[in-house]
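Letters A, B, C and D name the chains as they come in the text, with residue numbers starting at 1 for each one.
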């Protein structure tokens, strides 16, 4: 028998993302969930103790744990690295990518690309020369309904595009939490650490990318008004822009991290001469499509083949809920103190009793229906 | 340095879930995403060729690929199995679980537990004797907001519970697709294969479990009306029940696989004397809580620590979108035909150009704002 | 010139609905808004002082103010009455209607029709003999989108109806407010005053009517479970029913006045073999229509001619907002203390200044756009 | 007995608003619904035949029907006019208002105030001299939840205002319907008839008024980009503005009549340092209020006394539905061909049979519940 479709997992390294880092953990979860990568090496910190501790927790063997990313890049062939995830602070993205690209290692890099232009041309040249893949993790562009929207527009479903409107609103910086010791807020509001991009750099770039990505239109010029209404911040935390696109379309972008009531409210509306699309990140599985005849249609992920890996109506958080059950099981197994028959009463996790109860439910239902809709005890 | 918190991954086997099976793939993705398990062995089919093919695709070494689950159970110590996922057809759940439990292997079993009562008492006895964990995958009970709802009720936030109302509606069986060759519909509508449970067994059990799980109330008796409005089905595809709970609360349950416009519309409303909760599976990250003062509050996952692993406002499909980027990267790496600088124009995946464009966007925005809100070319 | 289409207003009397009565005021507002009726006579109370006071406030001349509805009925010809609105307590509906029908006066009667069967056959006979119109105000059946839904079903848009599900939930009786002196709660929860119908009589009848009205199906039998979870009420305040329809369709009805978080949550879902409709009273201008192809369409009032008297997108509360401006104007006129130029700053009502500001806004906008998108002072 | 609170209706005249005019009919309905005005005179057209025909249809006596508004203004004392509604084409608003204000008649004027500045100063002077009320019908400012929002902000519920964002989107001009004979589109897109304001004048003014009205902030300057993407229009049909407010707040406004999928989508978001409010005209009965603690609360009209004239949960379209029943009754009465007992089967209007059916429903429900939840025939 011929094996068809078999593909060995790619060997992945990671630079950055040690203990306590948020986005590194997300990258690892995403790599695992994809089923395409094995994380085999890491440079999780420049502090040797922290690097080793993180590696151990993540399950990386000590021999593949590095404290200098340059050493790790040099060992790329020895490790057998196919790709590296770059999840360092922003100013290191380009040098780290450069070091691995030089070795022919493909790069998956968190956004934004960089805070300055230093080294970008050289990186571009190296990518070409070594024929190395470089993927920037613009996560929002990977939602199935965003890709569907993009394809619909490419295929002409909206006709000529007339306007593109995008908002990305959060409220976590609505008070001066940087003065109260919030680390995430501290570096973002300090231009010496997070750059002078402020909210524009942090989330505006996501919104801008999405606007061009979905609409397929190139923004030719913009006019911006920035604001910093909270405390005495040295960077913007709110910005509004007018946009002009190459094809004559107009648009606007509003990004804000100080708008109360908004958590991660990234919304997009693209209007063409034949139709319009709207999408909101907090309900990512649906797309509303309007036409010139007054019809508005709710499209849901999964109605068409290839739109995500779960059936329609199953939000993709379904995977996470399912994974939680596996985590629950692992936790029980590791504690080994479960009295299996008591779990329904005491705990949050379904066991055999829950299964028995479900069977009784089916029996009771069918009995009630068959006997003329009478009450049946459970 | 002392390593703290390190936990080796648990070694997982799987029975069932070969090529083309839906729920097996979901179990594997969930196990990977959890970060707690390594899938090391499998019995994916009783057909040797299909078993080997599936194992290869999944990345299981040939020596840990079995065609008879009893052989695999016997090898449990040799494989070093900590746990097994049982994702076979329902009638095999109990014998498979029994075989592994006998060997002291913990069991994660897809629902429903079984179609008949055969072997359940023996299984229960074995679980106790071998002190083996048994987890039934009632996925919906693992959503963070469902667990939060359950805890709120346990802690008395709603006061005495007065009513529990649950619906689970789908529409995929609204036409006789079993006559058109749909395999999933065929076995579910054939009592000799899927049991006589019909929609009650397939999805009603989920709804019933959720009703008891969240409300903390024990259903004492039910009265049911089943229906089979589509074609000449031998099992129910729609059922409505009245419920009475031990504490005097009343309730109802409606499950249907023939209600047009519903994809996976599992909704729950629990009303107490001090408050009420409502939740819908298609927007699982939110919970609406009403009190006696006319106030309705929207609670979102992540507002409190421990509610899922992502910040509030990030639907958990965020992981899946992120994983898609990793899949994209793997696909590019494997094809190796990317011209890295052209991806923004041609493809769906952000590369270096996208990063450069984001940096230009930040620059243009700050320049426009600093120069008095003028147009800046991109 | 020939006048075409002229129709004199119909002369309307009212029985009941004096000072402090809620539904009488709604009937009068509806009669005024319709443009088809002039209220010319009334019997607003059996207490002469209250009757006169109410008549004066409503603007009824003293000679057409009655304290005994039988006198008013006897004067029907003298008054020139075309129709009478019956908004008395329920037990008087039938005798009042009878008295006026005997005189050939058309009857518009609040629901429910009656608490007992006394006099109904006689009323029916009189209506036929005198050829008198009798309209029961099932308000919810008059929403444009409900009538559209009904017509769509009549015309076969859903195919054969399979199920009808209706809920009518409120929360105003969720605590024992009758013990705290709430008059509306007192009579409704006292079977000697409001009948033994409880929530079933008060709101269940609306839900039941809507279910039959829209679906076009005749309910043949029902099975009910009633509850009274609050305090020691002698009538039901919550009820759930299973329904069987003449064509074989099944359904359910839940009415409750004790479900926290629900104000006036009347919702309907009708599912047929070719499509399904859903509607919610709190967003009455829209109808969601699903088909067998997975398409869900949002239909809005006013997309088709004849669906209400306002353009689509204008909720019908638009009339009420507009009427509020007229009330504001009347209030200003009657107080005559407005300094017209100061209203924008001080008050809630737009005056000349607001108009001037709007003109400046247009000027500033066009100037900014024409001069290359520069800042223009307002 | 002393009559308390009696107020005679105010005598109202109308200029403009003859047959076929939309907004005149809305003004008349609003005046009727308010209960504060009697329409007693009108100048509905400068064409004598059309004026007379309109007056007759509206129910105005021939002696109070005018063809020249100046004649009507001169007769103001004779007619006993308290107020006049000005619903003419925009260019006549100011001269008509001037003529009546000179006579001491209060003015209710449709928006926008005017197309040019001619006569406005004189009108202002006259209003002051004659102490005449002038009300501009900015309808959206009269929704109860808008007034509540305004009051909340005045009272400091949001703290210092940081940003104001308003959108008013429609789609009825998304195609060149003016070339297909649509009258409303024709004059609006012809600068010689509708002025050069385009969408900015037609709907932008409403949005701008609402932004200042609710936020209580004075817009100091704006920067605008207008567009005319459809056909070869001589006026804008889409415009975006950046706004700066006197207190330092920033904001933006987008108005468009070419955005597919939007009917009358006027939305407002005001964000302060302590809270934020959002409102949408198509669901006018609710207001979402966020605070700095991550709590979002849904406020509904009617929860507090004085918020509109209907209980919470009753959208104000309830009045219109009720009025429809009165129109139905009038139509039946005028046709006089109803067979009263057959209406349930044949027609859309509830009659005696519907009332009887409701009583049977109550009986059946109580019987079923009392007899142990058995099926009862209807």
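Just so we're on the same page, a contact is a pair of C-beta atoms (placed from the backbone, for glycine too) under 8 Å apart; a residue touches a chain by one contact, two chains touch by 3 or more.
Just so you know, these numbers come straight off a predicted model, no measurement behind them.
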Third chains touching both chain D and chain C: A, B
Pair of chains joined by more contacts [C-beta pairs], A-D or B-D: A-D
Rounded Å distance between chain B and chain D, as computed from the means of their C-alpha atoms: 49
Mean-CA-position distance for chain D and chain A (Å): 44
Touching two or more other chains - residues of chain D: 223, 225, 242, 244, 262, 296, 300, 312, 373, 375
Complex interface listing, chain C residues touching chain A: 223, 242, 294-298, 300, 303, 312, 373
Chain B-facing residues of chain C, complex: 162-163, 165, 171, 174-175, 223, 225, 227, 229-230, 238, 240, 242, 244, 248-252, 254, 256, 258-262, 269, 271-273, 275-276, 278, 288-292, 296, 372-373, 375
